[in-house]
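Read from first to last, the chains carry the letters A, B, C, D and E; within each, the first residue is number 1.
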Amino acid sequence: MLDTRIDAPGRGVTGLFGASGSGKTTLLRGIAGLDTETHGLVQVNDATWQDEAAGVFLAPHERGVGYVSQDADLFPHLSVRDNLAYGFRRVSPARRRLEWKEVVEWLALTPLLDRTIDHLSGGERQRVAIARALLASPTLLLMDEPVSALDEPSRRDVLDHLDRVLARLSVPVIYVSHSLSEVAKLAAHLVWLTDGKVGDAGSVSQVLGRLDFARWRGEEMGVVLDGQIRSHEETYHLTVVTTPLGELTIHHRRAALGTPLRVQIFARDVSLGLAAQERSSILNELRLRVTDLVDLSPSDCLVRLGREGTSVVLLARITRKSRALLALEPGRDVFARVKSVAVLD
Amino acid sequence: MLFDWRIVVVTAQLAGVTTLVLLIGGTPLAWWLTRTQSRMRPAVEALVALPLVLPPTVLGFYLLVLLGPVGVIGSVWEGMGGPRLVFSFPGLVVGSVLYSLPFVVQPLHNAFRAVPPRLLDAAATLGASPLDRFRTIALPLARPGFLTAATLGFAHTVGEFGVVLLIGGNIPGRTEVLSIALYNRIEALHYPQAHVIAASLLAFSFFVLLTVYALNRRFETPRL
Amino acid sequence: AGNGADTLRGSVVHAAVAANFAATHAELARRFEARTGHRIETSLGATGQLYAQIVNGAPYDLFLAADTARPLLLEADGFTAPGTRFTYAIGRLALYAPGRDPGSGHEAILRSGDIVHLAIANPETAPYGAAARDVLRRWGLWDGLVNRTVRGEDVGQTLQFVESRAAEAGFVALSQLSNRSSRDYWVVPEDTYHPIRQDAVLLLRGAENEGALAFLAFLQGSAGKTVITEFGYGIP
Amino acid sequence: MLFDWRIVVVTAQLAGVTTLVLLIGGTPLAWWLTRTQSRMRPAVEALVALPLVLPPTVLGFYLLVLLGPVGVIGSVWEGMGGPRLVFSFPGLVVGSVLYSLPFVVQPLHNAFRAVPPRLLDAAATLGASPLDRFRTIALPLARPGFLTAATLGFAHTVGEFGVVLLIGGNIPGRTEVLSIALYNRIEALHYPQAHVIAASLLAFSFFVLLTVYALNRRFETPRL
Amino acid sequence: MLDTRIDAPGRGVTGLFGASGSGKTTLLRGIAGLDTETHGLVQVNDATWQDEAAGVFLAPHERGVGYVSQDADLFPHLSVRDNLAYGFRRVSPARRRLEWKEVVEWLALTPLLDRTIDHLSGGERQRVAIARALLASPTLLLMDEPVSALDEPSRRDVLDHLDRVLARLSVPVIYVSHSLSEVAKLAAHLVWLTDGKVGDAGSVSQVLGRLDFARWRGEEMGVVLDGQIRSHEETYHLTVVTTPLGELTIHHRRAALGTPLRVQIFARDVSLGLAAQERSSILNELRLRVTDLVDLSPSDCLVRLGREGTSVVLLARITRKSRALLALEPGRDVFARVKSVAVLD
């Protein structure tokens, strides 16, 4: 059913995107060894988990994957505490990579520990499932829309922590989500599934910069840029970052000069002008050249912008009227004003 | 007729040991039935239920013939140095187990089928081996099935009569059980004694069952 | 395994006894034990069932059957101590119809037609049933009543049918009626049916058992015979 | 002994009707046990299992006494114009139903407990009345329980002997059933006939059960 | 446990917001009559469904609510088709308000109709659940995060249809979601639950304009404005809308002049300037006055903007540096540039 070849890096987060029913869950279950109908080859960091040709099939419990499934799948006969302890106890203390207390507090589970599963809300169940998988100290983490039932603030909170924890653990992660900002925050690598096949795969900036992918994403189209911290502006709590497309001012980051950094810029947050702008609340203005334009709808179009000497691009979503007013054509030089820049660690 | 208290002891032992053997043996069988992809499954299911259709005395008769010292199974068994099965406590257990098997296997099979596979999957990704997840997920979730299996198996063994009579030979102190003693009281027209025994048996069983069910209610697994 | 081990006072005898003889046997055993110091352990059952058990190695020392056929078979097949078979009791058939004072005789009750259910033992398996069938045939009632007969496996169940008043009347063993009012039953004349001879036999296992031999002797002696007749059986 | 084919007919009728009555009566009882908040529940559960602990012949004897024309229940029943229960087919059914009740109620109870309440809630919001959702959600989801209940109930009734004998009176063509006929062949040492009957019964039952289980496998409800 | 008094309008969509575990699901179950522990009063359009004091309790199946629960709760023994038919068949044809075909096609369920439930993906399950509830022609619709497992494009698609269908059916809806744009698109009225109590309730613009709510929403803070279509600009496929804060240009709407319309503007999409701007791709520039400012973080602040003669406000999220550079203070007149305007309706 699923006919896919995926090469994901052996560390860092790989985002897995795709329409409903495109085979994301099927793929994760195959990697976890839960789907006996999965054929082919699964190799993780040099270890072969599954090789149909060679008759190798490592049992799921020996793969050491942590799997946060779409439905949480908590054990109904156990309390929250015992659900969390289930994987934790099965790892020898020497091999544990996360503290019980740390995970429980981060996911705000302390007040829930003695609850039974049937009385948890949807978001609470998801938090327990995440904690349970992490406490098992997996060597590969599979997360299937792990924060879909969380409200915006707790989602931010959970993702921030997740980001930090994953960096520390250096386990490879495959992360399914329908939210681009979620994936862009965590992932270095992106795979886009369509109808059980890989539609596109590569680094985040590669995949996001592709127009057909951007078109599919709709409101959430955008790019990520890799940069370095150039200076701090302590007074206003800001930081200046150099990127291949120019300098960007972002919220203050407590990090040494020269630290690498990734930022995300949504196409809808980019406006274009022909003249430099003064006395505006927009701090970021980049001088770029239009490379292509594509119509998104009768009213809107997407502009791809670049700069001499780099293949990195910026996407801007503007109205067709503006395009006409500004007479935008490939080759034209413009000022791209970036309203907001999200830092992706 | 004096009441021989050894009867109660033998009965309790028989029902206890039989239930234990049934649960211990029925559990893997039921689990196998639940998980197997084998085409033999319906045949095995049918075989398990089969002893039921024979009247217990008839089943007892055939067991006697098969397990007896000249029987097909008995002669081989004794040839291998096994103790005599007929007219002994082990023989009673064998007969009772066979006869009550479906009452244990079927509820367990149903209970195991009701365990969501995705929970077993979740346990696997948390590092639990098949045996481990059977023990920590399937067993606890199948608890109502075990309760039913144990009560049906136990009660059925206590009340069973024909198999035990034929295989056991109703030997006082060794294979004489309450059901036979009770029946013989009635046959011998010792009605008052029979009534006392029957009433005690019912009252005792009622309170045991009541306790079991009431306790069970307390520890019910939340339903999702 | 066999447990014929001698105790200080005597040996343990394992007797397989037909269920209809249970009450009589209990009294016999009590007196025998008191007199000799041997101990009797009894397994009750249907004759056919006890037979099957003996053939399959049951640890019985002697067998008190409800008929003559099964002991004979056992003897023929070599399961018994040779020459030990004898008739220990002759069953007597009674028509039991509680609450129906017969006046003119019980045969009239059967002819009167207000019997909805007549209980008999199963003629195919139980000697008392065969005897009851003989009687009814002789009276020419069999064909008329056969559809109203309810058939117990043995006389014990036959009596239960009547005792519960579910059946109005039934052919049972006289030995079962020792403490019933004589107005409730009628002893069927012995010449109307084949005699219900009950044979005993010493089994191979009991051949060396002093107590078993003693018990068989006791059955045949006057003390035993007294008890047997007291319970309503004939003796040969 | 000639084989009377009416025996097979009566047996099939008895087992069929008994199973039907058990399912029809056991279903609401099991559903009640599942849904009730009543403190009586454990007591009712215990009562249902209770007849099991008595040997069938003893249970049969007491039923005979109770249901007979002068019995506590029988006299009232006949006083209300009911037909005589003992020695009749309806009586057989009553006895068999009582004796096989736990084999039907307990699997159904377990099966109903495994129906997720949230699915019943979903059905309610889609406009299904309690009876409607019982019929369209609980019943189909409890199918494995019904299968177990029906096969155990049917097989147990076919093989049952004591209750049927005492309540039925073994009247040829009316209350004589296969289990009694089979037993009598053995008792009368008509072994070859007994073997033929037993083998046919086993073979027939095996194929029926095999078919039932194999078909059931096809229509299994997906497990979530 | 839940101690709430909610007055929702008898028609239109009421959005229900709140952190994970704040009692949203509990509230919906109470309204549906599924929670026997719910006490108090439930009245819907003059009909009293539940009145503890008067001993009234209408059974759930008599309330005619459609309930799309958080877990889909499909019937595993029925095919997709039979799941959909379950509620549909229980409504007499005369009382049906939606066509089978219409709903099935809209939710793209045609290829799934003969599937069993266990082989559906998470998003497919949600679509079936939505269709099943709608086909039962409910008089009140309760939706608990109904599109959380859908990918962005199908989510947009489903919501667009939902919006149109709800307008046609005129059933009141209570809609739980963690996504502000989802709710802002559908809802006229908003309830914000915190810890089982109502934190705020009112029209969407009221609740969204409140600073504490905005702060809680974080990235998604914003406002909605009610306006009227003023003119069409066919060439560029645009439409001009008058709002209390001024004129806005949006994507073309096929509607008569004068048609009322609601638009959403996120705070992050508003930039401020002191001078009017020329030759920019931003079409919308409103002349407004700063009413208050509040710090959101060491680097950011939120500016509330108003205009003489109206209580309607606009929120702008800018850096504190920009605030200093532009010397923004209450009373100051500014040009608010709106990068993107989402039409809600």
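General remarks:
Keep this in mind: contacts are C-beta pairs under 8 Å (C-beta built on N, C-alpha and C of every residue); 3 or more make two chains touch, one makes a residue touch a chain.
Treat the numbers as computed from the prediction; the structure is a model and nothing was measured.
Common neighbours of chain C and chain E under the contact definition above: D. Among the other chains, the CA centroid farthest from that of chain A is the one of C.
Centres computed as Cα averages put chain A at a distance of 90 Å from chain C. One simple way to say how far apart two chains are is to compare their mean CA positions; for chain B and chain D this gives 19 Å.
Centre-to-centre separation of chain A and chain D, using mean CA positions: 60 Å.
One simple way to say how far apart two chains are is to compare their mean CA positions; for chain A and chain B this gives 56 Å.
For chain D, the set of residues touching two or more other chains reads 57, 61, 118, 180, 183, 186, 223-224. Chain contacts: chain A has residues 71 touching two or more partner chains. Contacts with at least two other chains are made by residues 49, 52, 157, 160 of chain C.
Going by the touch rule set out above, the chain pairs that meet are A-B, A-E, B-C, B-D, C-D, D-E. On the side of chain B, the complex with chain A involves touching residues 116, 118-119, 121-130, 132-133, 136-137, 140-141, 143, 221-224.
Within the complex formed with chain A, the chain E residues making contact are 17-21, 24-25, 70-71, 120-124, 127, 144-145, 148-156, 178-181, 216-220, 233, 235-238, 249, 251-252, 268-269, 271-275, 277-283, 297-300, 316-326, 337, 339-340. Per the touch definition, chain B reaches chain D in the complex via residues 41-43, 45-47, 49-59, 61-62, 102-103, 106-107, 109-111, 113-114, 116-118, 144-145, 148, 151-152, 155-156, 158-162, 179-180, 182-183, 186, 194, 198, 201-202, 205-206, 209-210, 212-214, 216-217, 223-224. Residue ranges of chain E in contact with chain D, taken from their complex: 29, 32-34, 59-61, 63-67, 69, 71, 73-77, 86-87, 90-91, 116-119, 132-133, 136, 138.
By the touch rule above, chain C contacts chain B in their complex via residues 1, 14, 16, 19, 22-23, 26, 41-45, 49, 52-53, 55-60, 154, 156-157, 159-160, 176.
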